[in-house]
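Please read through the structure below; I'll follow up with questions.
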C-alpha cells in the first residue's frame, strides 16, 4: 500500500521534527523549571527525544526488523548470498543496540537523581530550587 | 482465504473491534469514574479477548500464545479495575445518582449488614 | 605475555561484583580487596608501559572482531601513561581512605565499590577506542561521582551532587547527540575508523558534532562555562574524593576532549579555540581562587585554573606544547591530590572549612602542615620541586612558538597562585592558634599516603628525567594521528569461533 | 527574563539542529560502507543468532553491555548509599490503605505467570525480540506487583545481592574464560549450533540469561529501596 | 507525543505530569514498533512506562504533589 501522503517531504521528516521538538521541550524544562521533580522529568523527556532521533536515523524505508525469524528464512538454504539479500531489506540494527543501552543508562541516572531529590526534600522540606541555596549556584 | 478457520478469525476480529470501539466510546461518554470503569473493563475484556483469539485463528501457530494471553487478560483486567474502583472509593468519591449528587450506597449496605449482625 | 589491557576493566568489575558477596563472609575483606586489585593493576600497568615504550602500541580486540566492527582498547604510550597515573592515584587514595572516618560496614561496602568504579570508569574512558563505549564509561564514572559527592549526610552534599548530576546528564545527552550525528554520516563508531573517514563528513555535521563533543566532554574537563559544578562538588565531597576528582576524573575528561579534537576531526582553528578557552578558564578560576574563604573551594578553583593551563598548553599544538601539557597533568594530579588530602586534615573538624581556621595549626599537625607546604610550593612552581619543571617546559614551548602573551600569562598566574597559597601558609605557620579549634591527628595510613605523594613530588623534582622519557613517547603518540589509525585498523584478521 | 533568553537560545539551537538533520535523507542509508552490513551478515552466518540486535548487544559490542550492567549496579548502590540513614534498618513502606483480598489473590496468581514470562523473554533473547534487559525488567515488575499488593511482603536483601553478584561474576568470568580460551575478552568459545535453535549462539544465551538475572535483581532491589523510603 | 511532552512540562500537578511522561514513553514505544525496532519498543515499554513512572510516583509520595506546594515554607517535617 502506498499512501500519497507520505510523498510529501515534510511528513517524511516528521520523526526528526518530533524528536527535535521533544529535545527542545526537555531542555526547556531542565533549564527553566524551578521544581526539582520537573527538572528530572525534563531530563527524561530529553532522553526520549534523543532515543527517537537515533532510531529514526537507523530506519530504512520499507525495511524489516533485523531478525532472521523462522518465517523469514523458511524456504531458503542459509548461504551467504541469501543472507546478504535478506539483510539488504533490514533496518540498521546498530542504533537499536545503542538505544537499548542508552535507555537503561538513562533509567539509572533518573533513579539516582530522584533519590537525590528525596534527600534534598528531607533536608530542606521544599522542592523549589530557589530556596535550596546554601551553596552558590 | 475461505477456510473455516480464517472466517472464524475474521468474525472474531470484527466482534473485538466493535466492542473495543464501544468501550472507548463509553469511557468518553460516561458521567463518572465507576461507569467509565465499567465500560472500559467489560467491553475491552471481551473485545481484547476476541481480537487475540481471532489472531490465533488466523495464524494457527500462535494459538497457544493467544490462549495464554486470553487467560492473562481474564485475570488481570478485572483485578486492575477492581483496584481502581476501590482506590477511588477510598478517596471519597462516590457514584452519581440520577440527579447528579453523589451517594454512598455501599456504606449503607455495609452498615445495614452490621446492624443485622448485631441484632442477631 | 604479562597480561592484556582488558584486565584493567575486567578485574575491577569482577572485584566490584565480588565485594558484596565477600562482605557476608569476612567484613574486613571489603576494605582490603580494592587495594589488592589496584596494586595488581599498578604492577600490570607499569610492566605494560615498559613494554609499550619499546615495542609500540598494544591494541586489544574484544570478542574477537577486528576494530572497525568490534570494540577495541588501545594501550599506547599516551593512554598507558594516563592509566598508570590514574591507578597510582587510585591506589594512594585507597591507602588514605582505608580506615576512613568511622563509617559502618554497609557504608564501607558502598564507598569502596563506588571508589573502585570511579577509577575503573576513568581508566576505561582513556583506554577505549570506541566513542559509544567511551560514553558508557563516562556514565559509569559520573554515576559513581554523583553518589560519592553525596556521601556525607550532614553537609549540603546532596545539593552539590544534584547540581553536578543536572549538568552531567545534560552533557551526556549532548554526547549522545554527537554520536548520533557521527553515526548518521559515517556508519561507524570506532575512533580510528572515524578519523580515517572524517573527510567524508559534511562540514555542518562535523562542526555540530564537534560542538556537542566539546560541550559534553567539557563538563568532566572543567572548561570555563561548564565548571559550575566543580567547586561545590569538591568542597562537599569527602576529602579523598576531592583528590580523586582532580587527580583522576578530570584527567580522563581532558584526555577524551583532546582525543576528539586532535584525532577524530581536524577542523581548522581548534588550537586557537583551545588557547582562548584555556586562557578564559585560567583567568576566571585564578581570580575566584584569590577571593575564596573556604580552603577546599580555593583548592578547587586552583584545580580548574591548572586545567586551563593544561588546555592552553595543548593548544600550542607543537610536540613541546603537548609534552608540557602532559607534564602539567602529571604534576597536577600528584600535587593537587596531596593538597586535598592534607588540606582535609587541616580543616578536619570545622564545618565551614574556612581558611581562617587553620591559624597556627602547624604546632599540632607538624607533618601534615609540612606536606601541605611542600605541595603549595611545588604547585606554584618553585625551582627544585616537580611543578617547576612542568611550568618551565611550558614556557619553553610557548617561547619556541613565539607566543609571548602566554609566557606573560603563565608568569602572572604563578604570581597569583603564590599569593593565595602563601596566604594559607602564613596562617598555618605564623598566626597564633585559636583556642576552640580541635585538631585531628592523621591516621597511619593517611600519613603513609601523603608521604608517598610527597616522595613522588621530590623524586620528580630532583630527577625529572625519570618521567620525561615516557612523556616524550606519549606526546609523540598523541600527535602522530596516522600511526594511531594504522595501529588500530591493521590489527589482525577476524578471529572467528 | 531568563525564560525569554532560554527560549530564544533554544529556538536558535533547534532550528540549527533541524536544519542539519534535514540533510539526512530519511529512510535511506546515508553512508557507504558502515559496520552494519557486516553485523547483518555475520550474525546469522557466523554466530548463528537470529536476532541481530542481540548479537550486537551481547557479542559485537558486548563490552558496552558489561558497562551497562555496571551502570545499573552502580545506580542501585548509589541509590541505597544516598538514601542510607544509619545503622537502623529500613523505614516503613508507604501505604494509604491495605489492598483488598481480590487484589492479593489475583496478584498471587499472576506473579508466577509474570516471572515465567520474564524468563521466557530472556531465554529466547537470541531468537525473538527481547532479551536480558527486557526479561529482567518484567521480573522486576512482577516483584513490584507483589510489593504493592502485600503490605508485609519482604524481599530478602541478602538473596538479592547474592543473585546480583553471582550473575555479574558469571558475565565477567565468561569474558575472562574467553580471554584464556580464544585470546580475546568475551570470545565466543562454545559451539554455535544451528540458526533459530534454542541452543544456538554459543555463549550469547548464557550471557543474556546472566544479564536477565542481574537486571531483575538490581531493579527489584532499586524499587524495594525506594518503596521503603518513608521515615 | 509533543502534546504529551508539553502537557507534562506545563502541568502543575506533578502526579499528572508524571503520567504525561508515561504517555510519552508509550507513544515512543509504538513509534519504535513502526520504525521496525521491536527490541527497543519492548525495553521502552517496560522501563519507560512502568519503572520510570513508578519511581517518579514513589518520589512524589515522599515529597509533595503540587508544584505550588514547593513554595510554602511552613510545611512541617515529614516525620
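A, B, C, D and E label the chains in the order they appear, each numbered from 1.
Note that in this section contacts are C-beta pairs under 8 Å (C-beta built on N, C-alpha and C of every residue); 3 or more make two chains touch, one makes a residue touch a chain.
If you're wondering where the values come from, they're calculated on a predicted model, not measured in any experiment.
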Chains in simultaneous contact with chain A and chain D: C, E
In the chain contact graph, what is the shortest path length, in steps, from chain B to chain C? 2
So which chain is farthest from chain E, going by the mean of the CA atoms in each chain? C
Sort out for me whether C-D or D-E is joined by the greater number of C-beta contact pairs. C-D
So, in whole Å, the Cα centroid of chain B is separated from that of chain D by 33
Centre distance in Å when chain B and chain E are each reduced to the mean of their C-alpha atoms: 26
Roughly how far is chain A from chain E, going centre to centre by Cα mean, in whole Å? 15
Residues of chain C that touch two or more other chains: which are they? 132, 136, 139, 143, 146-147, 150, 158, 161, 184, 187, 189
For chain A, residue numbers touching 2 or more other chains are 15, 21, 23, 27-28, 53, 56-57, 59-60, 65-67, 90, 94, 96, 100-101, 104-105, 107-109, 111-112, 114, 116-119, 122
Contacting chain pairs, sorted by label, are A-C, A-D, A-E, B-D, C-D, D-E
Which residues of chain E touch chain D in their complex? 37-43, 46-47, 50-51, 54-55, 58-59, 61-62, 78-79
Quick check on the complex: what are the chain B residues that touch chain D? 72, 75-76, 79, 82-83, 86, 90
Residues on chain D engaged by chain A in the complex (per definition of touch): 2-3, 6-7, 10-11, 13-14, 17-18, 21-22, 24, 26-29, 34-37, 39-41, 43-45, 50-53, 56-57, 61, 64-65, 68, 71-72, 74-75, 78-79, 82-83, 127-129, 133, 195-196, 215, 222, 226, 229, 231
Mind pulling up the chain C residues that touch chain A in the complex? 132, 136, 139, 143, 146-147, 150, 156, 158-163, 165-166, 169-170, 172-173, 176-177, 179-180, 183-184, 187, 189, 228, 232, 235-236
Quick one: in the complex, what on chain C touches chain D? 4, 6, 9-10, 13-14, 16-18, 20-21, 24, 60-65, 68-71, 104, 106-107, 110-111, 113-114, 117, 124, 132-133, 136-137, 139-140, 143-144, 146-147, 150-151, 153, 158, 161, 181, 184-190, 200, 202, 204-205, 208, 495-497
